[in-house]
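Everything below concerns the one structure shown next.
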């Protein structure tokens, strides 16, 4: 069990928890939290491969994680504002009720 | 090194599971912050120092606060509802199980993983700066653009709609 | 000198103008029409005399007097391509002008009396004037094109005049027959004209050296050899001769001339005796240089070419053929018609063997005495109340003494009574040249036989008509209105016979024949005088006529009469004449026929031969069987083809199109539309089904993504392994 | 003549470092790094709380003096009559804090309420790891030291929120929201102004930044503050740091007059003391960062004064700025929330961005008067224009009240 597989397993576990939360929790914000966790898992994976990969000096994984973090932040911002907008529109953020497809 | 790694991993995973399963949303958010710092710690152990600090700055500093703000704005902090899970959560769990088994199986069975443990790469901030500004200057600009757009978009979407005519009390 | 030539065109234009005015005129002013027609002919006659005197005057240059004038009419093709119309004045033209105008004038005067009772007096004179214009146009034409145009006008007017009493079916049929047969001949003339133009590039006869009849062009054409080894000039000459055959009624195309007697008698006289039929001979005379082109060196003074030999042979055959038929005819006008055909044959022989002068001399003399005979028969018919069958006449001497005398003179001239009558001299010339002809002696023998027969049937006719007792008015007056017109067809009197026909309303007047009025007898006397005097201008002793035409001076020398060649022929022809006359008198003069129904003498002797001759060798029936039948068959064939083959094909195509359209519609409607509808329905179903997938529950989407992720990973791993 | 002085005082300068090495020498090699960091941590934990206590008294006497009164002058050395002009006041204060009853509101979220002060102290103390107090006296000299400082500094807001929210008190929640809003909006100018320094130095490592400011021109140390963009940068940094540490004109969160004590109203006793300590340690950290970035860290202002030990310079500069903080707290009135926000977003942020531009320009222009003139004019023009922009809407119109519906 070299450290790389350990890290991969950890990120897989993290990804699984994030996915489980996103898929089962009723509340909209928790779905977003789940997504954030999944993103983190992915970043962790990247850094693991960067660290244990053949060419760490190329910094590709490293830079990739930086960009993904920036995008994750942007995504979180937009997602949460959407949730807020939905809440104001329908007075609930319970995903089971937010099913209206009409505009 | 692997024992410290495992400890932080356990802490992070525990925090993540807590974040997903707690009834009170604010607690979830806080546990999320904890899991983010756990991940940062993992990064430190993987010698990705800069990424760890960024992780703290971005996730713990900003995203956690953002989520907490969102929770407060949607007034869902106080009232824990009846059932935490959506209807048909069992399907979700099944899919998660499927996903996890596949991932696990993929990791364990894959032969392409590099077996040798490479020496810790020394990463200097100048080095990062050069690559960012050198090979990845275009993505950097684009990320800048995306962030601005996201900021403006978020504000617009979440903006409280102006009352149409002034005299109508909102 | 050529002053008169410039006004030569006036001669045909005057009658044309007269015809136009008469035609346009609405009210039937008979006096105006008559004066106009006769006036224009008189003026034409004076101008012709002027022209004649111009040709007589001494002129510079060798050869006969010739003056040409003309103008460019139509421009076609390039700038220098002009269709020129022009007229020429030379001895040939001058003679014909004088003859046509003089005879025409006399006949116009005669027909004023003859047609007095007719309702369509105006129309008759309009056609006559038009005919005169056409005939004069033919005579003066220096251009084959103008010649052809006038030639067609003449053909048209002959149709109109023959069918003048168009209410009579036989007249209409005869007119149509005449027109069609002459058209066949004209086809040859047209082809000849076109070919001539192609060869020489110009249709002018005489054009200061460039004309097609001038030496240069003729030699050029003579040298070129066409298919069958014949020279081009010969071929063109024969084609043009075909036109002449049609118009002058030579053997193959002569059938229309006897039937043309349906027209009023002056018409027959003018057109079918003197002028029109002569036009064919005039054409051959005019085109003589072309026909004679390429002849071997002249040792006998008369060129012998294939074209001229053909002309001679056709003439000879026609002469003997027509003469034999004339013997067995009963209708007075029909006998004269066949005699005209035979005499035209003689003219053709004349030109063929003796050149232009001989042929023309006989033409001129024949014009006078044949006109005389026709007008005489006209006054006889007029007198006998429109009776034309010689078997119902007889003994008219007593009733019409003037007509008898004049008719006798004409008969003697035609028969060729020696020394005094013109017929003798002109026929002698022809026989003399035929005798010396280097071609072959047969035409000479045929000529003699024809002359004998001519003399025989003329005496038969005179005997039957003027001697014995009057057989008309008693016998077969079967139906009240029966007017015995043209007994040959046994025509039933048509029920709607209205009284337009002058002969008819005269019939039931008074029974006995009577002498014609002065307006009819005076022209007869003038003609009789000329019938006698004209002969002397062409006698061998003083061949003025021949010299005039060829341009040399002619000296009076009785000695020439007695040279060996001429004396023999003179004696021979007078012997022939006498035998013909005596035979005729013996058979018909002494044993007078008692009544109309009696069998003819010859018929008694040779019934089959007589029947054959009487029925004109059944030529009409033969034509009926061959040409007409073939024509009918061709028409039927075309109709059949058109209706069944082409019609069928069109029908087939249309059915195919309709069928194709039907198939297209069916496929379009069921196959394509149906197919599309089914496809659309399927799509709609699919759409409906897939829309159910979108529940709007975000989590379901995430789950689907999860499953997709799993599948992707599995696919990647297994993909690599496989 | 100065070299001998320097050489004489050099050991004094490095006294702490040598003692550290001397102490660590006793331990086996494997343990050395851990031991040395442990020792440094212990040293920091001793020095700065002590400094905290002195500064509290210093502040109360300063404000008193400014408000024309004495300030605490009764308590000297306890148990004795010596008054020490009141500088012993921190002992009874501390004692009071510890012995006070620790009240926890019934509706409060017990765990979060308890954890709030702890979560506050952890990041603040972490920031001290990176600061260079003296020549090679920085605990953890990270390559991305500055980034570490800001990253950890950013985590403070979480604790503020925890405090505010967990006490289930409208005022505390309102105070927490205000504090977070203020800290967030002032964090951006703070970081942007420090970015200019990083741009010029080319490294995030704080010691390297201090070394970049070594050396003297015309006798004066070439600190960054003596350059046009440096001055503007430090001005922005100074104001932002005031706001970051919730002090003086920006102390809306615990504005006594409106929302009692802001997010730590429901705290009393030891937890309140911890909040108080946390706040002051935060202030010292942000001030020391300001010193390292703009005021040349532990370098001497004049060449001749080089011999004085580096940590002393660091200490004197820090005390000077703390005095200015106290001075501002005593004099400037408190800003309204919207004024505060306006000031941050419409004045500070544009200036900071412009400053980055000017620094860039400064970097590329050749050394000489032209560089000075160009940068100075740009900054002055921008300052005046933005100033005018801020004032344009301030029509001192009649005050209007909006009542909650």
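For this structure, a couple of remarks:
For reference, chains read A, B, C and D in written order, and residue numbers begin at 1 within each chain.
Note that a residue touches a chain if its C-beta (ideal position, glycine included) is under 8 Å from a C-beta of that chain, and two chains touch if they have at least 3 such contacts.
All values derive from a computational prediction rather than experimental measurement.
Path length between chain B and chain D in the chain contact graph, taken as the least number of steps between touching chains: 1.
Two chain pairs, B-C and A-B, are compared here, and A-B has more C-beta pairs in contact (counted per touch definition above). Innermost chain of the displayed assembly, by C-alpha centre distance to the whole-protein C-alpha centre, is A.
Separation between the centroids of chain B and chain C, computed from CA atoms only, is 124 Å.
Centroid to centroid, with C-alpha atoms defining each point, chain A and chain B lie 5 Å apart. A separation of 35 Å divides the Cα centre of chain A from that of chain D. Chain centres here are Cα means. That of chain A falls 119 Å from that of chain C. Shared interface positions of chain C, i.e. residues touching 2 or more other chains, are given as 697, 699, 702-703, 706. The multi-chain contact residues of chain B, meaning those touching 2 or more other chains, are 50, 54, 62, 69, 86, 92, 95-96, 99, 103.
Every pair of chains meeting the touch criterion is listed here: A-B, A-C, B-C, B-D. Chain contact summary for the complex, chain C toward chain A: residues 694-699, 702-703, 706.
By the touch rule above, chain A contacts chain C in their complex via residues 19, 22-24, 28, 31, 95-96, 98-101. The part of chain B that touches chain C in the complex is made up of residues 86, 91-92, 95-96, 98-99, 102-103, 106, 109-110.
If you check the complex, the residues on chain D that touch chain B are 109, 112, 142-144, 147-148, 150-152, 154-155, 157-158, 161-162, 165, 177, 180, 184, 202-205, 405.
The part of chain A that touches chain B in the complex is made up of residues 2-10, 12-21, 23-30, 32-34, 36-37, 40, 43-44, 47-48, 50-54, 56-57, 59, 62-63, 65-67, 69-78, 80-85, 87-88, 93-96.
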